[in-house]
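Structures for review follow.
Below, chain A partners chain B and then partners chain C, in two separate complexes.
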Partner chain A sequence: MTHRVEPAVAALLAASLLAALCVGPLNLPAESVGRVLARLAGLPVEADDRAIAVVSALRLPRAVLAALVGAGLGVGGAVMQGLFRNALADPGILGISGGASLGAVSAIYFGAASFGIWAMPFAGFAGGLLATNVVSRLARTEGRMPVAALLLSGIAVNAFAMAMMGMLVYSSDDRQLRDITVWLLGSLSGASWQRVTLVAPAVALALAALPFLARALDALILGEREAANLGVRVERVKRLAIAVVAMATGAVVSVAGPIGFVGLVVPHVVRLAAGAGHRRLLPLSAGAGAALLAGADTLARVVVAPAELPVGLVTAAIGAPFFALLLLREKARLGA
Partner chain B sequence: MIEAMNISVARGGRNLVEGASIRVAAGEFVALVGPNGAGKSTLLRALAGEVACGQGEVRLRGRDVRICAPDWLARNRAMMAQETALAFEMTVRDVVRLGRLPHERACTRAENDAAAGRAMALAGIEAFADRSLSSLSGGERQRVHLARTLAQIGGVAAPLLLLDEPTASLDLAHQREVLGLARRIAAAGAAVVAVVHDLFAATRHCGRIVVMDRGRIVRDGAAQAALDARTLETVFAAHGEWVALSGGGSALLAH
Partner chain C sequence: MRGVLLAAFAAAALQAGGANAAETPQRIAVAGSGLTEIVVALGAGDRLVGVDTTSLFPERVRRLPQLGYLRAIAAEGVLSLKPDMLLASEDAGPPAVLAQLASAGLRIVRAQEGYDPEAVVRRVAHVGEAIGRPEAARALEGEIAADLARVHAAVPRGNPPRVLFLLAAGAGAPLVAGRETAAAAMIEYAGGRNAIDGYRGYKPLSAEGAVEAAPDLVLTTDTTVRALGGMDAVRALPAFGTLAATKKLRFAEIDPVYMLGFGPRIAHAVRELARILHPDAALPELPERAWLKADR
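And then the complex of A and B:
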C-alpha cells in the first residue's frame, strides 16, 4: 500500500485543483476549463470568453496560491517535525507565524495597507523573519542551538507577539478590528497573480532545499548524537532547515494569514501512509498540503455562497476532528 | 590506529576522564571495564570524537578527531551507543540502511543495500528486517543498532568500531554471539573497543583488558595481568577465580 501514496496524492491534487477551477458562482464543466487552460497555454482552441475571464483572472491565481500556501505549510511542518523529532511540531513553532501575524496586524493598525498591495505581505514577511531571527539568537549557546532552547524561545516569542497583537486589537477602532479579525482567521480571498509571485519563490526555494535536508532529517530520527556520528553536520542542517521554513512560512502567512492545522496534520498523515523516510515524506507533504488547501479553499468559497468562509476556519474544522480520529486510532494501536 | 594522548574530559566542573592514554591497533579487541561512573562511556565518546577533550587529543589514522571532516570520521569509525530512541516508527531495514549514510555519495544504492543486508545477516536480524523497530524486544533492538553500526563500517579497510555495552540487554547466547562477532571483526582487521560489564565475558572474548576507575585508566594489558587480585579488590570490591574453559583459554569468575 505504501507504494501507491505518490499516485494517490498526485490524483488528489489534480482533482482539487480542477474542482477549484470549475466550482463557483459560475459553474464551469471540466471540459470548458480544459479548453480555457489549453487556450491560456497558447494552443489554438476555442473557449468561452466569460470562462477565460473567470478562470484566468480569478480562479487560477487563487487555486495556484492555495496550492503554494498548502505546499509551504505542509513541507514546513514536515521539516520542523523532523528537526524537533516530534510529530506535534508545526511550521509556526519558531515564532514565524506569530511574528508574521504581528507584522501584518501592525500594517493594518498603522494603515500601511494604504501604501499598496505589497505593504501587508511585506510587513508580515518581515515580522516572520524577525521573529525567527530573535528565536535563533535567544537559543544559541556556544555556536549550538539545542532544540529544547529553540522550542522555549519560540514559545516566548510567540507569546510576546500575541501580547503585542492583543494591545493593537484592544486599541483598534471597529473597522480595523474587523479587518484584523478576518485576517487572523486566514483567508485566500485576496488572491491575485501578484500574490502568487510573492509566495512562489519562497516556496520554490524551500522545495529546492529538500534534497539537502531529507537524509539528514532521516538520521535525526535516531537522535542528534547518532546523526552527528553518521557524519551529519547537525547545526548546519538546523540552520538550513530553519532558514528554509522561515522563508516559506513567512511568505505563506503574510499573504494568507495564519492557517492552522495544515502544517501539523498533513505530515502526520503522510507519515502514517508512506513511512517516516524524509525523501518521500517531504515532497508528499508538499503535495498533500497543496491538495488539502486547494480543496478546503474551494469549500470555503461555496458552502455559504454568495458569501465565503475564511479558509482557516475550514482547515481547522476539517483538521481538528480528523486529527482527533487519528489520535484515537493510534492510541488503540499503541495499546496505551 | 586510534590513539588518545593524555586526555581529560570535564563536564560540569568534574573530570569524567582524567589523563587517559590508550592506543589501539588494527586487529585488537579491547574490553573497557570498570565500576559505574568510572568514565568508560565518556572515554569511548572521546575516542569517537563525540565529546571535546579539555586536555590532550585523540587521533584516528593520525588525524585529530575533533578537527577532521565529520563525513571522513563517519566513514572510518562507527559507534554503537548504549541507547538509541527513535523519534518516529521505522522498519529494521531502514534503520540499518541509515548506517550507510556516510557512504551514500561514494557507493551506489545497490552496494549500500547489499552492505546493509550483510550487516543484518551478521547480527542475525534478517528474520525481522521488515518489522517496525518498536515491535521488537530490547535485545532485538540492540542487535538492530549493532547491525546499523556494522553497516557503517562495511567495506571499510581497518575501521574503528566502538561499542558501548553492546551486550547489556542480551541473553547469554546472544551475548556470546555478539562478542564472538566483535572478535571476528577485529580478527578481520578492525580495531574494536567495547565497554563490557560482565568480567567473565570480557576476559573470555577479549585479548586485552583496560580497567578504568574514577576517570583514570588503572590497568591495561592481557586479561590475567590486568585483572589481578589487587585490582579486583580495589576497583571492583570483588574477588575472583580464573577458570579454565573447555574450549581452551580461561575466564574470570568474579564474585
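And then the complex of A and C:
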C-alpha cells in the first residue's frame, strides 16, 4: 500500500489547488476558470474580464502562496524532527518562528508597515534569521553543535522572543494591538505575486537541498556517532539543515504569520502512510503540507464569506481531529 | 499586469452599473460603524450591500452580509458583493487588501477618524459628498451641530468628576482606558475628567493604580458587566472594594456602540453621558431625531 502514497499526495495537491482556483466568495463557473487558466498558459481562448481579474490577480497568487507556505512548513517540520530525532520538533523549534514573529510584530509596533507592503515580510525574515544565528552561536562548543544544546538554545530564544512580543503587545495602542492579534492568528490574506516572489526562492532552495539531507537524516536516526561511522559529516548536515529550515520558515512566517500545526503534524501523517525513510518523507511532507494549506485556505476564504477566517484556525480545526483519528487507527501498531 | 486586469474588471462592472455609476454609487460596502450609521442617516441604507462586524446600528445593518472584522477584511469577499464603492474608516485594513481592492478599480473612500464631535460633522459632509447625497448631509450636519451646541452650552464645567472607564476584553483582567481613547474623549465632552492620565490606549486594571486614580465614577459597558458576572461582581473587584471603603464611588453602565461610536448620535450620547456624570445638572431635552431609531 505504501508505494501508492506519492500518487495519492500528488492527486490531493492537484485537487486542493483546483479547489482553491475554482471556489471563492465570487461565484465563477469552473468552466470560465478553466478558460482563464488556458489563456494564462498562452492558448488562444476567450475568457471574461471578471474571471481573468479574479483568478489571475487574487486566486492564483493566493493558491500558489498557500502551497509554498504549506510546503515550507511541512519540510521544515520533517527536517527538524529528523535532526532532533524528536517527534515533537516543529519548524519553530530553533526560535525561527519566534524571531520572525517578533520581527513582524515590531514592524507593526514601530509603524514600519507604513513604509510599504515589503516592510513587514522583511522585518519578519530578518528576525527569523537573527534568532537562528543566535541559537547556533549559543549552541556551538568547540566547533560542534550538540542537539541538546541546540534544543535548549532554541527554547531560550523562543522564550525571549515571546517576552519581547509581550512587551510590545502590552505597550501598543488599541489599533496596533488589534493588528498584532489578527497577524498572530496566521493568514494568507493580501496574497499577491510580490509575496509569492518573496517566498518562492527560499522554499525552492529548501526543496533543492532535500536530496543532500535525506540519507544523512536516515543515518542520524541511529545516533550521531553511528551516523559519523557511516561516513555522514554530522556537523555539516546540521548546519545545512538549520540553514534550510531557517530560510524556509523565516520566509513563510514573515508573509503568513505563525501558522501552527502544519509543520508538526504533516510529517507524522506522512510517516504513518509511507514510513520513516527521509528520501520519501521529505518530499512527501512538502507535497502534503502544500495540499493541506491550499485546501484549508480555500475553506478559510469561503466558510464565513464575504468575510474570511484566519487560515491558522482552519488548519488546527481540521487537522487536529484528523490527526487524532489517525492516531486512534494506528494506536495498536504504534504500541507494538 | 494585475492592475490592468483588475481595472478592466472594474470597468466592466461599472458599465453594468449604469452610466452615472461613477458619481452616485448604488452598491455601497462599509467598513466602520460610524460610517454605516451616517449612510443610513442620510437615507441611503437601502444601498448598503455589506458592512463590517463593528457596524451594529441601526438593527437592519446586522442582517447585511458581514465583511468580517474591520482590520481584516477580505479582497474577494468584498468584490463578491459587487460594490461600486467601499467606504472605509481610517481604521479599516489590512493595507495589502485595500491596495488590491483599489487596483481592482473599486472606488475606496477613506474617512478620517478623530475623537471629537466636530470630526463627526466633517465626516457626515465627506460621506454625503461621496455617496451623492450632499443636501441630506448638509441637513444632518446642521442638526448634529445644533444639538451639540445645546448640549455643550449646558454641560457643567466646574469640578469635573473623575471617571474611570472599564472594559473587559476576553478573559484576562479588565482593561482601563487611558489617554487618546474614544472613552477619554467622551468623558471630557460630557464634563468629566478621565481618571487615568499616565498612559495611552487600554491597559489591564491594577488595583493600586485604580486606587491612586481615585475615580468618583466607574463607567463600564453592558458586555463588561455580563462578562464579569453582574454589576455586584464589578463592585466587588479588589480595586473598587478598597476605594468604596474610603470615598463615595458610583457605578454606571453604557452601550459602547452608542456612547463611543462617534457617529450621528454623538450629541445625544454626550447628553446621556453628561446626565450620568452630573445627575443634578439641568440638561436640555434634544429633539427626537429620526436617525436615533434602532428599527429604521
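The rule is short, and it goes like this: the second predicted complex is superposed on the first by the 322 of 336 C-alpha atoms of A that agree within 3 Å, B and C clash if a C-alpha of one lies under 4 Å from a C-alpha of the other, contacts with A are read in each partner's own complex, and residues count from 1 in each chain.
Just so we're on the same page, a contact is a pair of C-beta atoms (placed from the backbone, for glycine too) under 8 Å apart; a residue touches a chain by one contact, two chains touch by 3 or more.
Quick caveat, the model's predicted, so the values are computed rather than measured.
In the superposition on chain A, contact of A:219 is made with chain B only, not with chain C. By the touch criterion defined above, A:271 lies against chain B but remains apart from chain C after alignment on the C-alpha atoms of chain A.
In the overlay built on the shared chain, the residue A:25 is in contact with chain C alone; chain B does not reach it. Residue contacts after overlaying the shared chain place A:197 against neither chain B nor chain C.
In the superposition on chain A, contact of A:173 is made with chain C only, not with chain B.
Of the two partner chains placed by the overlay, only chain B lies in contact with A:230; chain C stays clear of it.
Touched residues of chain A were counted for both chain B and chain C, and C has more of them. Touching chain C in their complex are the following residues of chain A: 24-27, 49-50, 52-54, 56-59, 113, 117, 170, 172-175, 177-179, 182, 187, 189-190, 192-193, 301, 304-308, 310. Per the touch definition, chain C reaches chain A in the complex via residues 2, 5-6, 8-13, 50, 53, 65-69, 71-81, 91, 93-97, 99-100, 103-104, 180-181, 200-203. Those residues of chain A whose C-beta lies close enough to touch chain B in the complex are 85-87, 215, 218-223, 225-226, 228-233, 271, 275-277.
Partner chain A is touched in their complex by these residues of chain B: 48, 50, 70-75, 78-79, 81, 84-91, 94-95, 98-99, 101-102, 104, 152.
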